[in-house]
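So, here come the structures, one by one.
The same chain A turns up in both complexes below, where it pairs with chain B and then with chain C.
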Partner chain A sequence: MASEMTSSAYISHHLTNWTFGVHPEHGLGFAHTAEDAAAMGFWAIHVDTMLWSVGLGLFFIWMFRKVAKSVTSGVPGSTQNFVEVIIEFIEDNVSSIFHYKNALIAPLALTIFVWVFLMNTMDLVPVDWIPFLTQKIGEAFGADPHHVYMKVVPTTDINATLGMAIAVFGLILYYSIKMKGIGGFLGELAFQPLGKWMLPFNLFLEIVGLLAKPVSLALRLFGNMYAGEMIFILIALLPFWAQWLLSVPWAIFHILVITLQAFIFMVLTIVYLAMAHEDH
Partner chain B sequence: MEMALLYIAGALMMGLGAVGAAVGIGILGGKFLEGAARQPELIPLLRTQFFIVMGLVDAVPMIGVGLGLYVLFAVA
Partner chain C sequence: MNINLTIFGQIIAFAFFVVFCMKYVWPPITGALAERKKKIAEGLDAADRAQRDLELAQEKAMADMRKSKEEAAAIIEQANKRANQIVDEAKEKAREEATRLVTAAQAEIDQEANRAKEVLRAEVAALVVAGAEKILEASVDANAHAQLVEKLAAEL
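== the complex of A and B ==
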C-alpha cells in the first residue's frame, strides 16, 4: 500500500482522522480530504477516535462487570485473577497517595488506568492492518479508498487526551470548592506563596500552576503516543525486509511506554485530586 | 524557505528536549542506583518512585517531541 503513494502522502494519510461535520460547501457529511476536515472547523467529530475510545471503554466495563458478576471466593478463573491483580495494584496506589474519604477516587483511578492502557495498546496493532481493512469496507460501500481515513489509536488524537484532562480538571475544581469552599479555594489561589499584599503576582503564579495540570496531563499522553505511532509509521515506509529489524524492538520498548503513560496519568490524577482535598 | 524553517524548528524542538530528558533521567537513574545500592530491600519502592518521576521528567521533552513531529509532518 505504501508503494503507490509518495511517502509524505502515506504519512499524512495515516495522520488524518475520519472526520464528520458541517462543511461550508458540501454541508453535513464525512470529510473526503484533510483540507475538508480542516474546513469543517471546530464543530467536527473525529468518528474513528470516538469509535475506538468508546468501544474500548465499553469493552473494559463489560469485561470487569462479567468478572465481578461471576466472582467466586473459591478457585478463581484466570480472568478473575487478572482483574484482581489490577484492582489490588490500583488499590495500593490510591491508598498510598490519597488519604481522604472519597468513594469516587479508586474507581476513577481504575477506569483511567485500564481505559488509557487499552487505548494505548491499539498502537501495537501493525500500522496498516486496520486502515487497510477499513479501506476495503469503504470500497464496499462505494467510497473512494484513498479518502477513507482511520486513525486507530484514540490517544494520538489531542481531542481525546485533552477531553480526559478537562474532565479531571473539572473534578479538581469541584472537589477543591467542595472541600475548601469558594472562599478557601480563591484564598488559596490569591494569598498562597507571598502573602496578602502580593496578590497580582500570587494570582498569576497560582493560575498558571492550576492550568498547567490538565494541559501537561493531556500533552504528556498525546506527545508520547503521537511520537510512538509516528515512529511506527516511519518504519512502515522502509522496505519490508528491514521493518522487522526496527519495529520489533520499538514495539517492545513501546509496551513499557504504554503502561507507564497510563500509570502516570492515573497517579497524577490521584495526586491532583488529593491536593484538591487538602485543607490547610 | 518557510518550509526549511519549519524543519529546523521541528528539529530544534526535539533536539533540545532530548538533551533535557537525557540529563534529567541520567541523574535520576544515578540517584536510583545509589539508593538501591545503599538499601537493597527498598528496591521495589524505589523502582515505583523512579518510574513516576521518570514519567514527570520525560513529560516536557516528550511534549516537545510530539509537537516537533506534528510540525514536521502535519504542518510541513
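== the complex of A and C ==
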C-alpha cells in the first residue's frame, strides 16, 4: 500500500472508517473520503465498526452458548474447560469486588471482558491484510479501491468504546437511584464531601467525578488501542524486510495491552457499579 | 474520529450481548460449576465415609476372628475334658468289670472248692466206712453209724 500513496494518505486511509450516512450534498450513501465522512456529521454509522464488533460479539455468544447448552458437571471437554476458566476468573473478580446480590453484574463483566478482548485482538491481525482484502473485494464490485475503507479494530473507534461506556454509565445511574432512591443519589451529589454549606462546590466536584467515570472508561480503552494501532501503521510504513524487527516485539507487547485493557474495562465497570450500590 | 450513530449501534449490540449472556450463558455454566463443586464435595465425603466403614469392618473382622479363636479354644478344651472324662469312665467301668469278673471267678472258685470238698467229703466218708469195715472185720451197720461217719466227715 505504502508504495502506491504518500505516507500521510496511507495513514489517513487506515484511520478512516467505512461510513454510511446522509451526506449534505450527495444524500444517503457510503462516504468516499474522510472529508465526506466528516461532513456526514452525527447521522452516519461506521459500518466496519458495527460489522466487526457485532461479528465478534456473535462469535463470543455462539461459543459460550454452545458450551452452555452441552454443559456438564462431569468431566468437561476442552472448549468447556476453556470457557469455565474464563467464567471462574470473572466470578472471582466479581465476588472479590462486588458484594451485593445482582444477577446482571457477572454476565456483564463476562461480556465486557471477552468482547473487548476479542475486539482488541483484531489489532494483532497484520494491519494491511483485511483492508487490502476488502479493497480487492470492493474493486471486484466496481468501487474505487482508494475509497474502500475498513477499520478492523472496533475499539480504535471512539464510538464503540463510548457506546459501551455510556451503557455502563446508564447502569451506574440506574443502580444508584434504585439502591439509594432519587433523593439519596442527589444527596450524595450535593452533600459530599464537604457538607451542606459547600453545596455548589460539592455538586460541581461530584458531577465532574460522575461524568469522569464513563469518559475515562471510553477514552482509556480507545486511547490505548488507537495508539497501538497507530504504531502498527507506522511500522507498516517501513521497508517490508525491516518491519518484523519492530512489529514482532510490538505485537508481543500488545498481547499484554489487549488483555490488560479488557481486564481494566471490566474491573472498573464492576467497581463503579459496586460504588453505585454502596450507601454512604 | 467522528462521533455518530455508531454509538447507539454499539449500545444496542452491547445490551443485546449482555442480556443474552445473562439469560442463556451465565446461569447454565455457573450452575454446572456449582453442581460439580457439590459432586466433588460429596465424592470426598463418600470417600471419607468409605474409609471409616473400612476401618470399622476391619475392626469387626478382627473382633470376630478373636472371638472365633476363643470359641475354638473353648471347644478344644471341652473336648479334651470330655475325652478325659470318657477315658476315666472307661477306666472306672473296666475296673468295675474286673472287680466283677474277679468276684465271679472267686465265687466260682469257692463254689468249685466247696463242690470238691463235698465230693471229697463223700469219698472220705466212704473210705472211712470202708476202712473201718476192714479194721473191724465186721460189718458195721452203715445206718447205725451213719451219724458218726457224717460227723467225722464234717470235721475233715
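Note that in this section the second predicted complex is superposed on the first by the 280 of 280 C-alpha atoms of A that agree within 3 Å, B and C clash if a C-alpha of one lies under 4 Å from a C-alpha of the other, contacts with A are read in each partner's own complex, and residues count from 1 in each chain.
We adopt the following convention: a residue touches a chain if its C-beta (ideal position, glycine included) is under 8 Å from a C-beta of that chain, and two chains touch if they have at least 3 such contacts.
As the structure is a computational prediction, the values presented were derived from the model and not from experiment.
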Three-chain arrangement built on chain A, chain B and chain C clash or fit = fit
Touching A:Ala227 in the superposition: chain B (first), chain C (second), both, neither?
-> first
If you stack the two complexes on chain A, which partner ends up touching A:Val267: first (chain B), second (chain C), both, or neither?
-> first
Go through the superposed model and pick first if A:Thr6 touches only chain B, second if only chain C, both, or neither.
-> neither
Determine, under the contact definition given at the top, whether A:Gly41 touches first (chain B), second (chain C), both, or neither.
-> second
Which partner, chain B or chain C, touches more chain A residues = C
In the superposed arrangement, which partner chain does A:Val54 touch: chain B (first), chain C (second), both, or neither?
-> second
Touch check for A:Ser78: first (chain B), second (chain C), both, or neither?
-> neither
What is the contact status of A:Glu88 with respect to chain B (first) and chain C (second): first, second, both, or neither?
-> second
Chain B versus chain C - smallest C-alpha distance in the overlay, whole Å = 8
Chain B and chain C contact sites that coincide on chain A, given as residue numbers = 15
Which positions of chain B touch chain A when the two form their complex?
-> 51-52, 54-56, 58-60, 62-67, 69-70, 73-74
Seen from chain A, its contact residues with chain B in the complex are 8, 11-12, 15, 216, 219-220, 222-224, 226-227, 230, 260-261, 263-264, 267
Residue ranges of chain C touching chain A (in the complex, touch as defined) = 1-11, 13-18, 20-22, 24-26, 28-33, 35-36, 39
Interfacial residue positions of chain A with respect to chain C in the complex | 15, 17, 19, 21, 37-38, 40-46, 49-50, 53-54, 57, 60-61, 64-65, 67-69, 71-74, 83-84, 87-88, 91, 103-104, 106-108, 110-111, 115, 157-160, 162-164, 166-167
